[in-house]
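Below you'll find the structure, written out as structure tokens, and then a few comments.
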Amino acid sequence: MEILIAASIGFLTMAGVYLVLRRHSYPMIVGTAFLSYAVNLFLFAMGRLTLDRPPLVDPAAPGYTDPLPQALVLTAIVISFGMTALIVVLALRGFLETGSDRLDGGPPHEPEAPGADRAGGPA
Amino acid sequence: MIETACMIAIVAISAAALLNLYRLAAGPDVLDRVLALDTLVINAIALVVVAGIWFASPVYFEAGLLFAMVGFLSTVAFCKYLLRGNVIE
Amino acid sequence: MQLALIALVPLLGALLPPLAMRAGRNVCTVVTAGVTLAALAVLVAAAPAVLRGETVRAGTDWVPQLGLSFRFMLDGLGLFFAGLILGIGLLIIVYARSYLARSEPAGRFFAYLLLFQGAMTGIVISDNVLLLVVFWELTSLSSFLLIGWWSQAPEGRQGARMALIVTGGGGLLLMAGMLLLGQAAGSYELSVILTRGDIVRASPLYIPILLLVLGGAFTKSAQFPFHFWLPHAMAAPTPVSAYLHSATMVKAGVFLLARLWPVLSGTEAWFVVVSTTGLVTMLVGAWIALFKTDLKAILAYSTVSQLGLMTMLLGFGTPEATVACLFHILNHATFKAALFMGAGIVDHETGTRDIRRLGGLVRLMPVTAALSLVAAAAMAGVPLLNGFVSKEMMLAAAYDTHWAGLPWLVPVGATLASLLSVAYAARYGFGVFLGRRRQPAPAAHDPPAAMWAPVAVLVVPVIAIGVAPQLLAGPLVAVAAGSTIAAGSAIPVDLALWHGVNPALLMSVTALVGGVALLAIWAGLDRLRARIGAPDAKALFDRGIDATVAAARATIGALHTESLPRYLAVILATTVAVGTAGFLSGTYAPGTRALLPVGPPSLVAFLALAAASLAVVVVHGRRLLTLVLTGVVGLMVSLAFLKLSAPDLALTQITVEVVTTILMLLALNLLPKRTPLETGRLRRLRDAAIAGAAGLGTAGLAYAVMTRDLATTISDFHIAQAKPGGGGTNVVNVTLVDFRGFDTFGEIIVLCIAALVIVAMLETALRGAAARRLDQLRRSPLAADVHPLVLVVVTRLLLPLALTVGVYIFLRGHNQPGGGFVAGLVVAIALIMQYIASGYGWAADRRRFDAHVLLGAGVLLAGATGLGALLFGRPFLTSAFGHFDLPLVGDVELATAMLFDAGVFLTVVGTVVLSLARIARVEQRVERGTAARSSTAAHNGAARSGAGEA
Amino acid sequence: MRALIVAPIVLPALTAALLVLALRHRLDAQRIVSTVSTGLLVVVAALLYATARSGPPLSYDLGDWPAPFGITLVLDRLSATLVLVTALLGAAVLAYALAGWDRRGRHFHPLFQFQLMGLAGAFLTGDVFNLFVFFEVMLIASYGLLLHGGGARRLNAGLRYVAVNLVGSTLFLFAVGLIYAVTGTLNMADLAAKVATVPAADAALLRTGALLLLVVFALKAALVPLHWWLPGSYGAAPGPVAALFMVMTKVGAYAILRLSTLVFGPQAGAFSDLAAPWLMPVALASLALGAVGVLASRSLVALAGFSVVWSMGSLTAAFGMLDAGGIAAGLYYLIHSTLSGAALFLVADLVGRARGSYADQLVPAPALPRLGSLAVLFFVAAIAVTGLPPLSGFLGKLLVLAATGTAPAAPWIWAMLLATSLVVIVGFARAGSTLFWKTVPGPAPQVGPPTPIGVPIAVCAALVAATALLAAFAGPVTNELAATTRQVLDTEAYRSAVRPMRTTLQGDTGAVDPGAQP
Amino acid sequence: MRRLVPHPVLSVVIAVVWLALVNSAAPGHVLLAAVLGLAIPHYSNRYWPDQVVIRRPLRIVDYIAVVAWDILVSNVQVAWLVLFRSGPRLRSVLVTVPIDLPHPTAITVLTGTITMTPGTVSADVAADGRAVLVHCLDADDPDAVVHQIKDRYERRLKEIFA
Amino acid sequence: MATVVEIVVAALIVIGAFFLLVGSLGLAKLPDLMRRLHAPTKATTLGIGATLVASMIAFTAATGSLSVHELLIAVFLFLTAPVTAHMIAKAHMLRHPALQQQLPSPPGTGWATLAPAPVDPEAPRTGEMPPAP
């Protein structure tokens, strides 16, 4: 299991890093979302992995998983949710203002109607 | 016996999830993928319920409940987006 | 403390002239002069003691940590210089009153002048070398303002900048030098340092100290090769040139050499560097002066040359040379200031300073001519004038100097320089005042007495000292030389007009005769000079600065491209590199913790997650698809949390996921639907390399951690105390609302701020460019039913159910998975469902509060719960809980943590609803725009059904 | 008195919440409440400083949970100093913004109060994860303030700023996670005790975590090569916001200082050499790049922005010594650069407004009235920033130079600091002469509607005067800071203030060993 | 009373849901259920502008039984089709089912029923609510499908809803 | 008694799993979206339903008190699954003009997804249900 989780963290980090390095705001935001999955799992894994020992106090429980990383991850999830909401709106707002969603100062996106992928058939 | 059944179920659900993944990969339309994701959530709910039975643990229930709620909503949101562009209008 | 007033009076007095200016120029001048007089009075009061050979000290600590004190000392050298500065300053003020045009803000001018005056006197009376540096840099700053007085002229601005850069830069070197000097000497107090010359010279820091101090002195005193700034500083009004660039500021460098002479001189390095620099400067300055056509330029280069002379003398390192230097400082100050003021009068009266357009002015302005001619003669070293005496002493000192085994080099050089100075002085006198009048004849006349009187006042000592040097200047020079050379005790000096026929006299005569002769062949020399050509220092400097700026711009332009991908690439690559270096720098042993088993669902989930991660990299151009893949990942992460004993995390992840998806869909509606894939193969490789390294790194670290045990952790306490101390069995929830409630308090504030920022950002989206773009957005074919009936009905049925679930999740949170955050999301989702199904307007009309209220109330509630504990004398956020046995109901547990959690709940609902609703509101604009357009265009269903397949 | 420790965090937070809840449509009322609250914050900060200087560090256990199990705030001279600086600067910025900036977009005052809260929290907390939370509060509020007033430029710069910081936040979590994974604690004082006992097998992991944390802080401190975000963001921010941001980079510097003295200081054994080798090269690079940027700038705010990078280089060079002299010098420089940088940004804002369409671009404009007093302010602010006498920058530079005296890196620092100082002086001289001296013929540019300018100018003047006072009273100030430095280096005092209880081996649910309590 | 309990049925449903959620009928929970049953409809009242009038509540049970049976059957049928009939041999067809139901809720229930039962999915509703578009997975006789829907479900729904 | 419960629970679990698998198989196997829709929306409801009933029985048996909260998941799914399918079908029809041509001719104003919308700028704001016919 540890190998799977470590590899998952690696894959998520990789995807996140690759995406945040893109030239347009949308993939960059998706990249930050992936990074936040990665770091949440990572932070969680820092308490080591335990099966079926939820941190719910129960006299019969044979033991508990480490609850602290979970609390930290919860805080991190909430904060990253707030940040994601903000950056999404910021990207949107910037696009509306400038007509470009480029992040490297390059020429704007080719004009395109909203819903281009709606009108499209199999994508 | 229940344990065996659970094991069988879990293997079956895993297989089902693999089939969902196949549909996700194959598409061809984004709607096929939305449908595949929706089905994946359904399978996740089943997995959670079976795990609850297997471990005789009540902590899985709420997850199943919330999966049911949000799986619906995200599928609807995707469809609404494809139908109208604006999810909230 | 009285002593400090010599510097402080002018510095603080600088505030007065602008105020006095309201009462007129005369009052202003009187006030300024009064300030100078006051400082002078303080000086004079201290003078007797100094003349008796005492050193007057005063002051106080300033920054003891640094060794920087506010201490002053007045000895002979200081008195000598301070007297010059204040005395000539007084004359300059009087002169400037007439010189400045009526329209010019004289108040500001005098303020700058006083600022400069204070700084300058500060330099010469500082007892602390760091304090000296403070005043030193202040002179650079105030002179910057004065040189740039006529800022509308490019020469003024450029000259000011150049002076600031060169002298300010020198000041930085001096600062470093003084710091090292203090370190080497063990004190920053001059009086101490002066007694520790041996220690300093023996210190390994000596050479750095010497070079740094000389760097400061040479730049300030315009020594070759830093001489070029001085002539360009002549763009300043003439009183400034007379004051700063002849009499005082440029002498600060010479003063410094004299001041530190006992400490730094006497070594081979000192001799070679200082005397050579002086000699070269003397020659170069004189040579250039000879060919300049602008009066002030001639005087400026002559000043450069004379400063070289003084520097050279100090470089010799002998008492005699030092005495000669000090005496020449005095003489030069008088005749050069007189010359500058005279040139100013000429300029003022004739409107030109071009020597080629001037001539024969003696007939038009006899007084000015007479005064200027005397001063010029003194500069040339004509006997019976003060310049002659000191120059001859210089020649005598030069004669005795052996430079690197070449005994003739210095004497010949000195004589040559004298000869050149005779030539340029003669050219100046003849070219301006004597000779024939040029055309067009300037209709000039002598200025009012107020303007020439200061010149006359200066010419008096030029003659008087020339005649009776020992009587008039002897004591002052002696006391100054004494404090320079012999640590305070006056040394005997012999300033005589006649020393008999000696080498110096012969050199003097050679110079006088040769100089006149040189003037005869001036025209030929000029052609020669023109043919040789010389690098134009200003052009070089400007080119240097321009090239530097261009290089800086190129660097910054190349680095700061405003390209986020690039910035992030550097940041992430740095992170990977630092992380790797950190890991490699420590010891590591693999862990021994047993691995958990893996079942089919885990494998499939991993497969899904890995595949989705890889796929999202490949297909990120298709944005909607990206979102679906993100959903897969979110699902798998939730399941992983659930599997690995983290039900609270799973619930949170599940609910956050859907809200994020909706948010992204809302944004995606207005954003482009595809990301053009980047073409650069190299770039993609680079990014893949960074991404791969980062992925490997995090995976490796995670694996390393998960395979080892943690010996102790603070969370054991949390588990143990959750029930007895926190009143809940869900340790994660108790941690969130109690053990680490402060984190949660911060976290809901983050949410609250996010909502506020979103609101603020979208507030302006319905105006200006954004609104226009919204109006222009064309929509692809749409479904006709905005609110599908089936969806509407079912979501309304679900609302009460979902609300009930929300309450359930909230109430159980303290003991079972759940809590305020998840509950808030569930409720928010229930409400958002209504927005999605029934529309923004419909749902917005039905909400009970402005979501702002929920936000504010949530944070306030959480905060107030925390504050409640203060009433009981407990720290913020201290929780309380109790069991209450209610009739019928039985045992009920109530905890303040629940109130806190309610604050979380409210904030979450407020944030989600507010954010999503505000985006939706913006999208209404497109909606209406489209509707408006379609109402004008002929609408038919065929257009819609003709939607192409992408 | 102890309860006051939490006030700099809770007071602005509740003020902001109140503004959102009840006064969001009433700017006048918001102004009053915000002003009163900020005034109170100044008073509280002053009281806290007085408390901190009168004794050993004080801890405040939130929720009454003993350290290291709950979150602990720690008031010591260092945190009190920075909170005081924050409060004072906040008051100045607020006064400036009240003259009209707060009107240009929604929610200025709540965001401003939240910003103050985040800053105070970051300085006061004694818990690494809580530090993360306050970083986030501070950052997200700063996003809002940066975007305040809108406009394409601000939105573009904002997006970059947010993106960079999101990556930084992720990194923070990776780092904190690793540190917890090895030490089992989050409390800084407890960490300080634990790192020395970390087994060799885990050393590489802890070092990685600690260095990643250093990267995060360096990112916040805008140290080269992590500085990218700063010039653009500060340049796009509204003037008063950029001025307030002057404290934000200091949070990064503060965190570097705190962690590398308290946790990874000399007592940390094998981990005591963590930051030092990195700080000096980074400081030098920041000095160089900041100065080059100043010279290259084409606008006043860009120049001010790069001068921040430059000043962070000086600051890091001082802190990088990690000895008493360096830290004291760094603290002085920190206060100086905060005040002077803020003054510069405010002046740049005023200049930009006064020049109408020419804004703060470094190109000559037709002659303008009313530029005179701004020229004086700019001149003085420039003197302060570039480190010329007699203002605090000069003393700061002297202190830094003197502090590096015997270090092996000293020649490098001296050479770089002095050379870049000259470059910066050149940059400022060129800028000033272009803005205030050089004119081109033509009609005066259209300037916006007259805004009240008296108070803004007074605020600038006050900040500039503050740097003068900082210089004039440098003796007492450096004495204070020397005492502060002694306390910073006295990690034992910090730890005994926090009194982290010893944690026992896992599985023992007793968890707390009462005998460990001092 | 109307103002206090705007939707009595809903209140009961919520109370029951609550008790189901907590899996308990302890007095405390009953009390809480009552409170929620009163409070939540009060809040969601605004979102429920139209009253659903159920004419014959008892027929609901009958309806549920019919549908449940059909679901069981349909699952087996569909499973059979999925497992043993490859795609092209499925005679899929879209049919229009004209309906005449009095209330959107009734229409919704019908479309839901159609989707849950043998081999049919309701793909759309007519804009005027007078027909449902049904996709049949495998139908020899589309008319039979229409007839079954109208007879088995629509008829019952008409009886239930006013 | 215990064995009967166990057998029932085990059977229900296996039945549920079977239908879940079949549903996903159908999703993977069926040739087009409209047909694929049938598989998961039906098979999964019974699949989940069976496992939920199994859970109810198992927990009731294990704890001795009635466990019915699983019903809520079922209620949610039964309410939402048809809507999901309906929405997907609507979106699919909108996106496939070819399919639109094959639609049986609608009565009255046409199918909701495709009917000409009333041209009213304020229309999107009104979220009221369509009036009952």
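The first chain written gets the first letter, and so on, giving A, B, C, D, E and F; residue counts start at 1 in each chain.
In this section, a contact is a pair of C-beta atoms (placed from the backbone, for glycine too) under 8 Å apart; a residue touches a chain by one contact, two chains touch by 3 or more.
Computed from a prediction, not measured in an experiment: that's the story for all the values here.
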Shared touching partners of subunit D and subunit E are C
Under the document's definition of touching, what chains do subunit E and subunit F have as common neighbours? C
Chain whose average C-alpha position is farthest from subunit F's own: C
Furthest chain, CA centroid comparison against subunit E: C
Inter-chain centre distance, subunit A versus subunit C - centres from mean C-alpha coordinates, in Å: 40
Report the inter-chain centroid distance for subunit C and subunit E in whole angstrom, where each centroid is the mean of the CA atoms. 73
Just the number, please: Cα centre separation of subunit A and subunit F in whole Å. 29
CA centroids of subunit B and subunit F: separation to the nearest Å works out as 12
Find every residue in subunit E that makes contact with two or more other chains and list them. 17, 21-22, 104, 111-112, 122, 125, 127, 129
Among the residues of subunit A, which ones contact at least 2 other chains? 16, 20, 25, 28, 38, 40, 42, 45-47, 52, 54, 56, 68, 72, 75, 79, 82-83, 86, 90-91, 93, 97-98, 103, 114-115, 117-123
By the touch rule stated above, which residues of subunit D touch at least two different other chains? 129, 133, 136, 140, 143, 147, 150, 152, 155-156, 159-160, 163, 167, 174, 178, 180-181, 186, 507
Residue set of subunit C touching subunit F in the complex reads 781-794, 797-798, 801, 805, 837-843, 924, 927-928, 931-932, 934-935, 939-941, 944-947, 949
Help me check something: in the complex, which residues belonging to subunit F touch subunit E? 18-19, 22-23, 25-26, 29-32, 34-35, 37-39, 41-43, 45-46, 65-69, 71-72, 78-79, 81-83, 85-86, 89-90, 93, 102-115, 128-130, 132-133
Partner subunit C, residues of subunit B touching it in the complex: 10-11, 13-14, 17-18, 21, 24-25, 30, 33-34, 37, 40-41, 44, 47-48, 51, 58-60, 62-63, 65-67, 69-70, 73-74, 76-78, 80-81, 83-89
Within their complex, state which residues of subunit C touch subunit D. 61-68, 130, 133-135, 137-138, 140-141, 144-145, 148, 151-152, 154, 156-157, 160-161, 164-165, 168-169, 172-173, 175-176, 179, 183, 545, 548-549, 552-553, 555-557, 559-560, 562, 564, 567-568, 570-572, 574-575, 578-579, 581-589, 591, 698, 701, 704-705, 708-721, 725, 738-743, 745-747, 749-750, 752-754, 756-757, 759-761, 763-764, 769, 852-853, 855-860, 863-864, 866-867, 869-870, 874-879
Complex contacts: residues of subunit D adjacent to subunit A: 129, 133, 136, 140, 143, 147, 150-152, 155-156, 158-160, 162-163, 166-167, 169-170, 173-174, 176-178, 180-181, 186, 507
